[in-house]
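Listed after this line are the structures, all set down as structure tokens.
One chain, subunit A, appears in both complexes that follow, with subunit B as partner in the first and subunit C in the second.
Let's turn to the complex of A and B:
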């Protein structure tokens, strides 16, 4: 029980440090009067973080791979864009509705793939992702096809329009933090434990009352919801949508972010999204040659750091804290 | 003597907990189970023995719903549970351990046991999303319960270790703890002492008896005759999917058919070993 009290105290201190860190980080770019470009990059990190968190729930926690996740990103983006163009809804409606639309599609994707495992699941999700891309390209009366969907209005609440990257920053980050907290809530509850049990051993999980089918569907739906919201925010930020934004390359990119950041850790989703997005910006001059670097990076991580950056750090948490002098033996 | 009291109580009519009626399972022409009838009275320890490949684990898998039987019925508490899904059967109060340990290796010891208690958690999705007080209270209770159970099996020193990092014997104990967390009425143990040393085996035997005394009915598959004869109230023998006999440990020890099933037609010195242990 003393150990429990100690854990609680340590947990509280950890919470305080993290909250303070988040607040400081949030206002840092504001204080430095950063350029629109910096805010653009930061916002991109947030979209990816949301989508990657969703994928992490599915891949990292439930152990179900998906290489079709860009499709859910696309569903969210197009739903949001079309609703805004046709009906002029406010952000309050657009964001949740696009999340829900993606969740519905994700549910059916999950249902279609329920019996597939591992490599077959990967192939199944590639197929479904490709199917969604195909629909977007060919249903050109609705989506603009490969010509793209142009002139998507900015998000607005009442008469306030989020028409600069700086303004969007104050919309996107609170949403991201809220979604991260929600994800953490699910993960640390019986739902999260059930998902992790399925990842570890589906047969044992089922033998202890866990409805593996139900929880897999839940994971697919939830991760799609996250993808949809990310898509919605992205669509209104760029103002244009092309099918290229949602190709299989993007699905693989999301997957890489999960792996590099750390499967099964929420902080890993942030880390993966931030590193890769920043990397894109730094290496922009290399154009297609970038992919070579990412390929090598991915192989490196799979071989030497399969838990990803945050996964490896968390595994050595006690040792690192000791090294920093925060912990007495 | 608690044990003696139990034995006497058992000879008086005890309600039937589990009943298998004509249970058969064919794997592509191989009869893994052939019209097995078996009953399990409440509060007993019943052992299921038989040579390798006799169908013991298959029988467990059928009872827990992992495998659908080709014919026959599984009746638990008077309810036909044949063909129900494993998670549904688990909710009715049947827990099991596995012959080839199936822990959630990358989760902590504590988390493993908390997952075992999945059926007794009720928090809804909204409570989890926003970490409402009701959820925190439930989590605290489950954690406490899990710690108690880990204390009971003697694993309270490694709550936060990765389950996969435990030594083999302790992994078996952890499987037992996880099963107990499910608060089962019927506990199926598939070779609980396999790979354990003598001290660990003695410890586990003691735990199994204590669990029985808590009112849990135990059905176990076991190869070590010493364990089987020492703790079971009843023994059933399976050979090539057929139940060849059933009775008290003494009756089984001296049964011709059992000796034949284990040792073949020609008798050897091993027979003495079986009879003597």
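Let's turn to the complex of A and C:
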């Protein structure tokens, strides 16, 4: 009894420390009156975190690889931008609608790729991602083609306009934290357990009565929804959209964030998005060698942390807690 | 019109076929989706540019030196980057090939050559060939000739020599080949050596037929990859056929519909084949894709 109470107390303490840490981290840039550039980078981290969390549900938890996720990011972004341009909807409507639009496309992407596995799935998603990019480039009466879609209005709620990076920070981060909590809720529910069962062994999962087809489609749809919301926030932050924003390089970047951060951990999505976005900015000083060093670091991470950063840390969780003095022997 | 499409489609198709062959060869022996294959082509082209900017050498030694340089580079990459993660998660291995692609592309960009360039005129030069009323540029017919020669040599090598047999045995079943006394570890590196050699030659040809820029490998890589899929993933004759067909389709679309749809159509074809004919033209059925 006492031991259980002790455990619970410790668990609560852990949660309190984490929540306090999150709140402090959230207000730190505000307290230090950081520049627009810092807030811009922080917001980029948030967009990527949302999209990467979606991809992580698909790749990390359900075990279905996708190298076409930028397409869903694009669907969200263009839906949101066009609705805002044509109808002037408020943020409350735009963000969920663009998520839904991407979810519908994601559902059909998943349905098209349902029979493909492993590298064939990778190939299929490359194809679908490229096809969506092709549509964006060629349907220029709607999307502006390769000239880009310009003059996208800022998000607004009533008369309040999110017209600076600082203001967007207070919009984007609450949405991100909400979506992360939702993702965690899904993962720890029966849906999440079913997805993980499919990841471990699809045939065994099916023989236990799990509807593998349905859950794969659910994972595709859900991850597309996250991608769409990230795209919507991104579109209104930059104000212009080019097909280049959603090329295969972006799909690759999202995939790398999942793998470097840690497949199958929500914290890994945050870590991957934050580290790779911030790392890219830090390496700017190297000028032309920026991308070379970036690539070399990526290879090193994959060679020495095959589970991703958070995956490797969680594997050594006990030892780290011991070292921090949180856990007695 | 049709004649023009065929005449300009085939040389480009040959270059795609070189990439597709590399993809298929590496996949069937190492089971790796090597997405940096297109960047090896780019390295081949820039090796040619580097050599020709110092020495005025004839075409054959130039091809051979590009072949060996890229082949050795590819073997080193396999040995030191791909080998340690051979049994890692598939997404790790795919990411790793993409990261290698990023490194290769940006090393060339960082070395200061990011404007479009071309190999000098005396590479693959000759009299233009007259075919009825049309003139065929020397680079184009040389590309076709060299591709044919290389593909015949590759087939003979794989089908008629002991090393070729060992590579095919390793691709068929690595553990069994180990038991038969084949040095399969060497064979895996050697298939990358061949993949690199193909990229080296393909690079020189691409440097004549297309423009050189550090980002070229990515696009060529994707096209070659689609060629490998539609020809039949893992089948070498299929890779050649797929590359040629893709080159022709691409030129046809550019000629008859719009050049804007050239890249989009490639991806539509890829998805179409994966869903309706996953084994491609000449491939065999495989559990994971049907």
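The rule we apply is simple: the second predicted complex is superposed on the first by the 311 of 329 C-alpha atoms of A that agree within 3 Å, B and C clash if a C-alpha of one lies under 4 Å from a C-alpha of the other, contacts with A are read in each partner's own complex, and residues count from 1 in each chain.
The rule is simple: contacts are C-beta pairs under 8 Å (C-beta built on N, C-alpha and C of every residue); 3 or more make two chains touch, one makes a residue touch a chain.
Computed from a prediction, not measured in an experiment: that's the story for all the values here.
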Side-by-side fit of subunit B and subunit C on subunit A, or clash: fit
Which superposed partner A:137 touches (first subunit B, second subunit C, both, neither): second
Contacts of A:189 with subunit B and subunit C, given as first, second, both or neither: first
First (subunit B), second (subunit C), both or neither touched by A:207: first
Touched partner set for A:25, first subunit B, second subunit C, both or neither: neither
First, second, both or neither for A:263, with subunit B first and subunit C second: second
Touched partner set for A:295, first subunit B, second subunit C, both or neither: second
Which of subunit B and subunit C A:147 touches, first, second, both or neither: neither
Partner contacting more residues of subunit A (subunit B vs subunit C): C
Smallest separation of CA atoms, subunit C relative to subunit B, angstrom: 13
Subunit A-touching residues of subunit B, taken from the complex the two chains share: 64, 66, 85-87, 90-91, 95-96, 98, 102-107, 111, 114-116, 118-119, 121, 123, 125, 127-131, 135, 139, 159, 178, 182
Contact set on subunit A toward subunit B in their complex: 3, 182, 185-186, 188-194, 196-197, 200-201, 203-212
List of subunit A residues in touch with subunit C within their complex: 59, 65, 67, 112-113, 115-120, 122-124, 126-131, 133-135, 137-138, 145, 248, 252, 255-256, 258-259, 263, 288-292, 294-296, 298-299, 302-303, 306
Contacting residues of subunit C [partner subunit A, same complex]: 27, 33, 81, 84-85, 88-92, 94-96, 98-100, 102-103, 105-107, 109-110, 112, 218, 222, 225-226, 229, 233, 258, 260-261, 263-268, 270-271, 274-275, 278, 287-290
